[in-house]
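Across the two complexes that follow, chain A remains constant while its partner is chain B and subsequently chain C.
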Partner chain A sequence: MRLFNDNKGQIRIIEAFFASILLLSSLTLIPSDTHVEDSNSQALRSTAQQTLTTLDNDGTLSRLIENRSWTALRKCVQSLLSPAVWFNLTIFDENMNPINQVPICNGGLISERVVATEYVCASSNRDYKIYVARLQLSVVS
Partner chain B sequence: MKRKRANSSNSGQALIITSLIITMLLLSTAYHIIEMKRNTTRNETTTNYIFTATRLNTINTMVSALADVSNGGERDVLTANLGKLALALRDHYYDTQCDLLFVPLDSSLYQDGIRMSWESGGSGISSACVSFLMNLSEFSTSYNSGYEANVTTTLTINGVYTGSGGQKGVNVTCSIYNEEEPALANGITLFYQDETEGQWIMVSSSNDLNVIDCGNGTYLMSFNVYAQNVLNVSAHVQDLRDIFVMANTTCTFI
Partner chain C sequence: MVSVVILTTALSAGILNTHIIGPQDLNEDSYLRTISEYILLNGGIPANWGSNSSAVPEVLGLAKSNSLGRNELDIDKVCRLNSQNAFALTYSNILGAAKLENVALGFSMSQLMDISTILYSKRGLVDSTAYTFKISVNQDGAPTVASLHCYTVAKGFLTDMYNSTSADGVGYIDIEIPNTSNGTASLIVFARALHDPRITAYGACLFGHLSAEPLPNNTFLRLSPLNCTLWLSSNSSSITPEKCYALSYEYQFNLTLTSNTTYNIPTILGKSPIVLIVTGSNASTFFIEWTTYPQIPLEAGADFQNRECHTFSYVVNVRGNLYKLTVRLGGTSQ
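Our next item is the complex of A and B:
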């Protein structure tokens, strides 16, 4: 009888371990999925950040904004991004009023998952102004 | 016997509960580590981006101020514009506080972070130099980065002349540098002085002015003048960043 009781206890422990492992494996699926999603967003955000800093590395971004060359700006952004990436660039003044009347984008939105990055852009010409560039990116999921 | 059975059952339950608690602890620890790792990666990327962006903006601001001052603006525009930038950066990021501190260089050469050495001697310098300290504060961490930014346009000029009597053929070589790297000019205007302390006269097409752009920041110019033996030339240059610089030299006879 004692032996039976001991075995019963051991079996319960083993059962508990199995249950725990099951619980563990089912729960780890949730953060794992979230992590993949965030990694994609993070990669997209990083692309947006690199695009903006590359554009402003030689003062091109501020110069094109100063000249209101929206078509040239669209072409510049397009040349830095993969054709599979949708983008929309909005330029704001210091008071966050949009100043580009023409949309700076490469078509309609292709996915609901959009990542946005903002960049404070100081002009390098004599008439000093500060702008904010907001770049939205999305890829087909 | 009954009591013993009950004890055995309780012991099993306790073990089960203990194993569950341990499992939950392990689970939460693993999850916490994953989250921490992810947050650290995100923070590093965002922090690097803000540092890079701020550095570019400080350089742009210095270029703007130097262009303004070298073209006749007030020296305090550098401090004023950097103050505006610092304010814009502080207010912009919603999850990070970005404090930009700056100290314009004051020395024997620089005043309020600006240096303009346009004396004769064959070289002219327009420069701005500022020390920056950037502090990024997030919920539980803060990052600091200090750097010194220098924006400098340098012009070197040398000239030679040939010919006897009043008629002279002058050859002038101008070299332009941005931060010690060869740079192109947006415009060059040459002047000459046909006597010491005399009036500066602009060289024009009537002087058969010929300019060769070597494409590497060096410009070869030649022109003819009627002048005395002492022939000073002056080059006024606007670089592609709109920064003005000038330099004078005395041409040597060859």
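Our next item is the complex of A and C:
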């Protein structure tokens, strides 16, 4: 009681201190690792697009889909990606029905952050069938 | 009260700083990625700066002109990044053509598969010597099943054989070299991934056949492939080139001198790097020198060792074969 009676200004300081703590606490709620997530996502998305483009450069992608060579397709994707990258490739027909009966991936998901990209390719035979390849990538964060 | 205000201001600035720096990093990464993709996807100016040995590009671009595929690089532009090539660009050429100021730039290119060759055993026969080599093929450290096509070159001797690696990435090659071909010999190994013929890599190994260990590659000759021509420059006046071979996974050719210092490199349709072997003599010493077309692996530009930089990796296509290209950007240009 003597403290409050003799030094009334001190309570103002304590108030200001708590106010500043409150202000700082609110600032820490802003996510600080946004740029890391975005940068990684951008790099992964670019990698995914390039992987599918490279696969389709000489018709390999559509040929493997036509032949339903899912194991060969998995090996092709695997050889173009770093071993640290998890992938899952899904092939859809023109009605977006998945057509690969077996998963084309290299194991279980290793991170919750997954980037997906889609690529449209056409078969090189007379049917000109359209396929959509969806490649999901993730790395250990 | 004053001290509390100062303390609060300092802490606020500290916390806000992380939020301000974050977007700056993101912008920098995006900006540098755009530069690297521009170099990757454009052919540069003039468009034929790769094949024209005297041309220095005004604008740097590595893509093949009129290419229909993405990430397809010009074989000669790649060769001119390699410092072992007599027509290589200097770092100032690269930096000037890239129009970069205060940003350092570096390239590295490598094969998608690594091949290691070890002499496993050796035994003498009546008129020849038999060697067994252990070939290990891996990709990113993982053993790879691959089909192998190997060539052995020695004095007046060329032979080839096929095999494959097993699931552990290992295969063995048996060769027999006549004793009359004594001197430096070489084993050239091509490995092709079973699932994708575009992933074909080479490995080269020089060894002494009934002779001392050979001197390092490029001791006697400097080999510079460019524009489907192999240029030779001797490191000594007493050097006489004798034979030249162009080897790929599918084909082999004996090349003939088109002038005192050049050989024409045949255009090979197969998806494979070409290994160019030149044999010759320096006084009485037989030697073998080799290079590849395209000249990969290579390192060009700034050395970012122990420095922070932005790294962008791509799988690129050079003459139908796939390679890994890494572009590094960042720091202060020096």
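Miscellaneous remarks
As a convention for this text, the second predicted complex is superposed on the first by the 109 of 141 C-alpha atoms of A that agree within 3 Å, B and C clash if a C-alpha of one lies under 4 Å from a C-alpha of the other, contacts with A are read in each partner's own complex, and residues count from 1 in each chain.
We adopt the following convention: a contact is a pair of C-beta atoms (placed from the backbone, for glycine too) under 8 Å apart; a residue touches a chain by one contact, two chains touch by 3 or more.
Keep in mind that this is a model prediction, so the values were computed, not measured.
In the superposition on chain A, contact of A:120 is made with chain B only, not with chain C. In the superposition on chain A, A:83 makes contact with chain C only, not with chain B. Once the two complexes are overlaid on the shared chain, A:92 sits clear of chain B and of chain C alike. In the superposed pair of complexes, A:70 makes contact with neither chain B nor chain C. In the superposition on chain A, the chain among chain B and chain C reaching more residues of chain A is B.
In the superposition on chain A, contact of A:52 is made with chain B only, not with chain C.
When both complexes are aligned on chain A by C-alpha atoms, chain A residues 9, 12-13, 16-17, 20, 23-24, 27-28, 35, 38, 42, 46, 53, 57 touch chain B in the first and chain C in the second. Of all residues in chain B, those touching chain A in their complex are 1, 4-5, 8-9, 11-13, 15-16, 19-20, 23, 26-27, 30-31, 34-35, 38, 41-42, 45, 49, 52-54, 56-61, 63-65, 67-68, 71, 73, 77, 81, 84-85, 88-89, 92, 241-242. Residues 1, 4-5, 7-8, 11-12, 15-16, 18-19, 22-23, 25-26, 29-30, 33, 69-72, 112, 139-142, 193, 195-196, 198-199, 312-315, 317, 320, 322 of chain C touch chain A in their complex. Across the complex, chain A meets chain C through its residues 9, 12-13, 16-17, 20, 23-24, 27-28, 30, 32-36, 38-39, 42-43, 46-47, 50-51, 53-54, 57-58, 60, 72, 75-76, 79-80, 82-83. Residue ranges on chain A touching chain B, taken from their complex, read 1-2, 5-6, 8-9, 12-13, 15-17, 19-21, 23-24, 27-28, 31, 35, 38, 42, 45-46, 49, 52-53, 56-57, 59, 62, 94, 117-126, 128, 130, 132.
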